[in-house]
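Structure provided below as structure tokens; questions to follow.
First chain written, first letter: the chains are A, B and C, and each begins at residue 1.
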Amino acid sequence: MSRKVKDSIQLGFIYIASAISILSLLLIVGFVLKNGLAHVNLSFLLNYYSVSGKDSGILPMLIGTLYIVLLTLLIATPISIFSAIYLNEYAKDNRITRIIRFAIDGLVSVPSIVYGLFGFSLFVTILQPLTGGYSILSGSLTLTIMILPILIKTIEETLKTIPNNMREASFALGASKVQTIFKVILPTSLSGIINAIILGMGRIISESAPLLLTAGMVYYMPEGIFSSSRTLTTHLYYLASEGVNDEARAQAYATATILIVMIVILNLLTRLIAKRIHKKVGK
Amino acid sequence: MKSIEYKNRLDSVFKKIVFFFTFVSVIALAAILIFTLLKALPLFKEVDIISFITSDVWSPSNGQYGILAFIVASVLTTLAAVLIGIPIGLYTAIFISEIAPKKISNFVLFCIEILAAIPSVVYGFFGLTMVVPLIQKIFHLRSGSTLLTASIILALMILPTVVSLSTSALKSVPKAIEEGSLALGASKIQTIFKAKIPYAKSGILTSFLLGLGRALGETMAVILVAGNSNMMPILNPLYEAFLNGGRTLTGNIVMELAYASGTHEAALFATGVVLFIFVSLINVVILVVKKRGVTS
Amino acid sequence: MEDIKFNVKNLNLYYGDFQALKNINLAIRSNKVTALIGPSGCGKSTFLRTLNRMNDLVDNVRIDGEIEFDNHNLLSKDIDVIALRTKVGMVFQNPNPFPMSIFDNVAYGPRCQGIKDKKELAAIVETSLKQAALWDEVKDRLNKNAMGMSGGQQQRLCIARAIAMKPEVILMDEPTSALDPIATKKIEELIDILKKDYTILIVTHSMQQASRVSDDTAFFLLGEVIEFDSTLKLFSNPKHKKTEEYITGRFG
């Protein structure tokens, strides 16, 4: 019967490990929400940040985050879609494309702090006259380069799932390559591309280290893309590391709550889209 | 109807456009390496590479730049995180792909996705307000900001990577392998551990290595809980290293870059290069693992 | 009366609403080769997989009836499925060796039973490979990965792997359909040798194969056994019109 004993020990480990995985999520989310939800209200969302802590809010950080998300996606989306189209629809399988793919694969796992270093040296210092130094623009350009590899990769995966006979069918009807790409390939892979963009959005919202080095820590309302600005994450970092009083803690919990609500919504969105893709394929 | 000539011209123009964008992304990506390297070079006019890596004295005000303490702290926290995170992650993956009914496994996968998406600052904040006091109380320490705390938080952060990639590796094992094993009188658990995991080992190993890379490169969560003192961790006895604070490679960069200049700044870029080399090594190992997975 | 290995009584099997096996009654003789023939989707593979309860792995399966094996109903809930599978081995349509060494493949089953002794394992591996007529070809490279063998060798390895469990029965689900004629011939010769020690059931698409290797043949059609008799009688003098049409190649 020793096999049965061994099997049940292993099974026990499996249950324990899964319980740890789920509980740690519930613990983190529950802990943040329990302490944070009470402090999230309209005035917290709509007020400026005040160092004194009275009636302090996060509107500038919400706007700053919004700026960085939009600007980054504005630059990164077309570049990554076109690059993915090139790699999947045009590039021949030769040494150069293999090197490009290898580089993209490798760069996905480069730590974000390295991107931050690069952004700091190029955008904040060398290109200061153009970017304004520490600014939303510098931060967005840095994050653009950071999410390019993962965006290109995800979009290319989507393009790969389109069966070749669809392309052939389009060509056989006299469509040109451009027409095939715009009328068949892009519409078919639309939900996959949107999914990739939402994924990128999640990464931008969550990212902090490179922004600390490129967008700065100014807590005023950003006046444009050349202003320095805090995002929600860098603000949370500031509150967590500097804020020792109860008021700062409360604000930190509330900021973390908003971040968690955002990423849960984004994840639910990707789930929904994935379901739609599934249905399409099923048909 | 558009003329054929027009169509052809449009085709070649578009081909040039997409090639241009690919070129832009490749240039941008190559620029990272070049810039980081260029900015690191001035350091080596003053400090030789060997002493940069082997000295544990980091004192920019005295012109001393040795990052051994940070390398050791990074390696220790990463290894400990992996030791905690990998078994939990792999066993959770087994639960999802082999044991749980579909609805439950979908729910667990969703939890794992959320865990993956939580910003690292939130992990750090959670560690700072929850785990740091806990560690302090349990071990009766002066401060709970220790490498152990950092390792625990990192273990949580690499869980999603290990779980989701191991799950897909296990799910892609052909049914024939499972049936072959069961038909030989192996139990379900034996089939998982003796047939399916060996079959999926290249994918599972890759998930471990990617988790390793993630732990090594993590910054914000670590600086919030690790204490960040620039002292060399005490290695004898080893547990002392984990019960004291320390500073990782990533922590060193983010703590000092904002006010660094000259050689000091170059030393921080060089720290980034070292980090980059570590991650590239992991990538090479991943490549080898994948290749061997394909040939067998 | 002859020795009966499996006594199948009133067996019905449903996938959801679809009835895949209809009232099967068969008596499978010990130490004989029984061939199961019939067109695709007739239920012959499904039937084979009920004999070692591999259908348990499929969702939504419902089975009623009785299969008597060693004085027990192997369909009953309290039967130890794992113990059953060690007595009723199986070889699949496509060779499915594990991606490990030849030795480890054959030792897999015994190890799962808790045999750890190296000498004992080595002895089991050697006799199993010899019985599967593979020993001479692989004895010098037992530690090589099994995936490097030819398809025919892989299938004989899978047979050796099944033999290593010292089963009473070996189920073969179209074991040669993925193999070339020469490898097929070797497997058929092997079946002829193995039937001295084992009861063998073989699902096959090839009427020639059934007539070459089997003692009894059951003809399945649309989930029913149309005719079951000694192979000689069934092929030379079929009682049923459908059987005659099938074996003369008029459908299927």
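The rule is short, and it goes like this: contacts are C-beta pairs under 8 Å (C-beta built on N, C-alpha and C of every residue); 3 or more make two chains touch, one makes a residue touch a chain.
Being a predicted model, the structure only gives us computed values, none of them experimental.
Participant: Among the chains, which one keeps its Cα centre farthest from the Cα centre of subunit C?
Facilitator: With centres defined by C-alpha atoms, farthest from subunit C sits A.
Participant: Where the centre of all protein Cα atoms falls, which chain's Cα centre is nearest to that point?
Facilitator: Taking the mean of all protein C-alpha atoms as reference, the closest chain is B.
Participant: Using mean CA coordinates as chain centres, what's the subunit A-subunit B distance in Å?
Facilitator: 17
Participant: State, to the nearest whole Å, the distance from the C-alpha centre of subunit A to the C-alpha centre of subunit C.
Facilitator: From the centre of subunit A to the centre of subunit C is 53 Å.
Participant: Take the average of all CA coordinates in subunit B, do the same for subunit C, and state the distance between these two points in whole angstrom.
Facilitator: 48
Participant: Counting only residues that touch at least two other chains, what does the list for subunit A look like?
Facilitator: Within subunit A, residues 3 contact more than one other chain.
Participant: Send over the residues of subunit B in touch with two or more other chains.
Facilitator: Counting only residues that touch two or more other chains, subunit B contributes 187, 190.
Participant: What residues in subunit C touch two or more of the other chains?
Facilitator: 112-113, in rising order.
Participant: Okay, in this complex, where on subunit C does subunit B touch?
Facilitator: Subunit C residues touching subunit B: 52, 54, 57, 82-83, 85-86, 89-90, 92, 94, 96-100, 108-109, 111-113, 145, 147, 158, 161-162, 165.
Participant: Name, in rising order, each residue of subunit A that touches subunit C in their complex.
Facilitator: On the subunit A side, the touching residues are 2-3.
Participant: Can you tell me which positions in subunit A touch subunit B when the two form their complex?
Facilitator: Answer in residue numbers: 3, 6-7, 10-11, 13-18, 20-22, 24-29, 31-32, 78-80, 82-83, 85-87, 89-91, 100, 103-107, 109-118, 120-122, 144-145, 148-149, 152, 176-179, 181, 202, 205-209, 212-213, 233-234, 236-237, 240-241, 249, 252, 256, 259-260, 263-264, 266-267, 271.
Participant: Please name which positions on subunit B make contact with subunit C in the complex.
Facilitator: 174, 176-187, 190, 194-195, 198-199, 296
Participant: Can you list the subunit B residues touching subunit A in their complex?
Facilitator: 7-8, 10-11, 14-15, 17-22, 24-26, 28-32, 35-36, 39, 87-92, 94-96, 99-100, 108, 110-115, 117-126, 128-130, 156, 159, 163, 187-190, 193, 210, 213-214, 216-220, 223-224, 250, 253-254, 257-258, 268-269, 272, 275-276, 279-280, 282-283
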